[in-house]
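Listed next: structures, encoded as structure tokens.
Below, subunit A partners subunit B and then partners subunit C, in two separate complexes.
Take a look at the complex of A and B:
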């Protein structure tokens, strides 16, 4: 029994196993599923999700029960902002850059509300979620903005040697940068310390509120990048582009072993769980199962992941094992 | 000597009542259609579901939890009620079964939160999506309409130019005000919300209370589902999609602390009216309805900022008085 929990505790190993099982089930449901072309092609459905999931994971990691419910709405609003700028006659690439920065600004609003106005992050981001998505809807007045130049579609639709560009040039580089920031710099260590014990962090001279605000801003920036990718992929800026994304990103983060009370979990496992959810979603689509089930399965998956995490945490205490840096770091 | 406990509304309830009155006067001045009998009746009838569900939401939030699945649960209950009454089942049985299905949904949340220790937000986020999927499945992309209403003209009727639903809401609020202020159940709620560990050590059954309050919320959602189908006569796919936000807004504007332990149903009633009057008033003023969510969303944030500022000020004043007393 002890060994089973020990294996389960190696989150990366367990998730790889889960991924293989998911792929096996999906290829059982549909013969065409298991081909290199298909598997590589599927990754493009996970690129935007991975961006949002990284932002969400960092927010949850920073502790105090922090959560960002507005990632989907920020994605919608940044995308619509891009569309509006483009309609106003701005160069599409400049508009994209501004949209990313705009996403950062939205994240900054969240961060300031949570950390300097002392609103509980749950309520603050619930409020801004409705605020942002409503403004996005108002700006487009319900009709999607389209007519982007075809060169813009390269980010979302282009391929390099059979691999989608949005994966090679967006998702992977962003992950590498974030990985470097979190595990190789001082700031990353501070995020983990904040999540573990924020009073200790405060007394060791870390500017708690400032770092938390920066994390929310980062989450906004990543949503902004996600918005540009989505716009280029669909070639339209829709006000409902990010609907439901917050749910997906939280599910992915929790499945990846980010403990909701903060301070524990690894970004690499989060990327693995992005792959699992992506394979699951597109596998269901290929197998022609009603897309309604995606929602239900995602919900069940979320709860199972949390219950599993809880069991792991209690088991660990039962073994007398203490929390070391090894659990949180590499 | 045993002192009688008489709770009075706090500064926060008065504050909400004042801004409610101010809002009322403002809209009455700005639009001449606002203060008509028809419009006021409309406001009360539109607010009925939010008013009923907000009672349960207040209880859950006082406990330190939250429930964002109420909209989807309302949908499921409404479908159950509509299907049953279309089958010609006895109205009383319809009501009982609908409330029971609400209780089952609430119990699912309570189970996840209290036994499996899933954080409230995440548990209800998951069940929200689960029940939404069930709604899609049950409706299959179409509308449910043409079913006989359960209580024809009782819930949506009008006596002495006052909508019947108002009497019902007021009775419900009075009952819950009494329970929350004078009964052990209510006092235990506040104790758990203030300090869960201390409450547990004092012998309060925390898990049981959490479970019970989620079930209570589920029952109230089931009850309001009946009023919903009586009033609307249709059930569509997106039913209740922004209900959770409006309820949370009403509760928070009414002065209930989102971290638990403070708040009252009196404040919630004022908050419900505030949100209802606001969403009615902005339509009369000609604000685009697409911005409706934006206004409610920013209202939540603004009211919490005010709450934080007010509390800080009061704390400061208390400290000042204390030091003055110690000096003298």
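Take a look at the complex of A and C:
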């Protein structure tokens, strides 16, 4: 038994198991669910979330209890920015590029507020969340911007050999680049060090504030990319496009094993949890289960995952593993 | 290690078994589908959990039961264009036979309507239209003209065709409210020369307090005022309360577009005699009936008799609009009959 617990202790294994169970249950609920076409098709509903979740995870990983509550609002505002540029007559692709950079700028504002004005990220990004959404509403005056050329719809609606383009050409490449940056470069290791031991990081010569600011900027850039995908998917720039996505991104990060105090957790597990949440949502919809229950089931899943994790960790202690209680509960 | 691999094999075997059963049942369904399976008719409301759409759901269920179809009512808890797109995608994947939607944002739903059509699903709108889309039909509740005209006719009847009338609307930018007001003015000017619409006031977001203040102002500005019209459903309680507070019940007639549940207390207390709206339950019923006709490939006639609906249903082949019928007049006799 010891070996099973040791394997299951890895978040990735547990999440894979959870994903398989979710798919199995969904297939029971609806016989049409389990087809390759379906399973690949619904990944499009997780693409934008995965972008925001990577940004969110990196912010949380960098420690000091950091969190980015403005990812949804940055997505909304960058999208509206794209819409406004397009309305002013700019080429849609140039406007998209500028919208991504604009997202980065919004993230930079967060980074500066948190690291150089020393406002706690919870408060700073709560503030900018309101600010960004208000500006987005003001710019559109409540009417969504539409009329994009149909070629622009390719990103959000197109398919390559049956796989949504926003997954193959956006979400997956972004994940690979991020994975390489975090796990194969010095800067990436520094993010983890920041999260585990802030002071040690400082003494080892890491420019703590600069790196943290860059991480917030990155979160903004990813929101900007998410905004372009959303605009292309809906063929509309809406001021409410990102509403609620900050909470979704936090949920997915935490379910994926990113520890809220920072420094622990793997981006790969976060991607798995994006898949779980996406399969769950689409599966429940396809099975025609009242969407009132969608959120409740997600809540139960989140709590169960953590309870399960805690049990595993306790078992491991019982079997003489060298896990401390600090690792529990996330 | 051996134990671990056993667990793995077990899981994999389970999945395989599941997928096999899923596939096989799926196939048998597919082949027998056309002959004896119930037609799947879906409706996506703007949001769920509000009395208006619940009434449509109830009507839809009734029609599904009567005509032997399966009614799928699937919406989000918040009015969100993205959620509508996502739900629509799920319904396309379920291969429903006919799919209807109360459109929130036409620009984001139009590509999805095209997608459903390409997948061979009959797509139509109900309750709220996107005229620019590829939808096959729009199931409409009542025409704007009929709503405006009926309200003025009923009010004129209460006032014997004469007196000063004030109008209290919602936002000044709300297209549907402004259209109704336009038709009210048209009707009053052409048919009731002694019925004078003296002023139109707007309220921010149709808030009840604001409506009450505006009504009080109008009453003091025009002491001989005989009627008040609350155009936005949310403005109805404010206007009615203002008249009650001023002790003018019976002296000033209040009318508006309020749902039965909204106007019930005011009809009971006598401040309102009538309210004009449409029957949301019948609209849901008609939506499902229309879906069944579309799925079966039946064409709508210019006038359709729908079993279970008292009024004949008109169809305009030019605009492809299926019209529920004349507006519903809610009064003390029927106010308790509706669940919305």
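Note that the second predicted complex is superposed on the first by the 288 of 330 C-alpha atoms of A that agree within 3 Å, B and C clash if a C-alpha of one lies under 4 Å from a C-alpha of the other, contacts with A are read in each partner's own complex, and residues count from 1 in each chain.
Basically, a residue touches a chain if its C-beta (ideal position, glycine included) is under 8 Å from a C-beta of that chain, and two chains touch if they have at least 3 such contacts.
Note that the structure is a prediction, hence the values are computed from the model and not measured.
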item	value
First, second, both or neither for A:292, with subunit B first and subunit C second	both
Subunit B versus subunit C as contact partner of A:131, first or second or both or neither	first
Contacts of A:180 with subunit B and subunit C, given as first, second, both or neither	neither
Contacts of A:116 with subunit B and subunit C, given as first, second, both or neither	neither
First, second, both or neither for A:250, with subunit B first and subunit C second	first
Contacts of A:41 with subunit B and subunit C, given as first, second, both or neither	second
Which superposed partner A:32 touches (first subunit B, second subunit C, both, neither)	second
First (subunit B), second (subunit C), both or neither touched by A:146	second
Residues on subunit A lying within both footprints (that of subunit B and that of subunit C)	290, 292, 295
Touch list for subunit B against partner subunit A, complex	66, 68, 112, 116-119, 121-123, 125-130, 132-134, 136-137, 242, 245, 248, 252, 258-259, 288, 290-294, 296-298, 300-301, 304-305, 308
List of subunit A residues in touch with subunit C within their complex	1, 3-4, 7, 17, 20, 23-24, 27-28, 30-35, 38, 41-42, 45, 144, 146-147, 153, 157, 230, 233-236, 238, 240-241, 243, 281-282, 285-286, 288, 290-292, 295
Subunit B partner contacts - residues on subunit A that touch it in the complex	65, 67, 113, 117-120, 122-124, 126-131, 133-135, 137-138, 141-142, 244, 247, 250, 254, 260, 290, 292-293, 295-296, 298-300, 302-303, 306-307, 310
Subunit C - residues contacting subunit A, complex	1, 3-4, 7, 11, 14-15, 18-19, 22-23, 25-26, 29, 48-49, 72, 74-77, 80-83, 85-87, 89-90, 93-95, 105, 107-108, 110-111
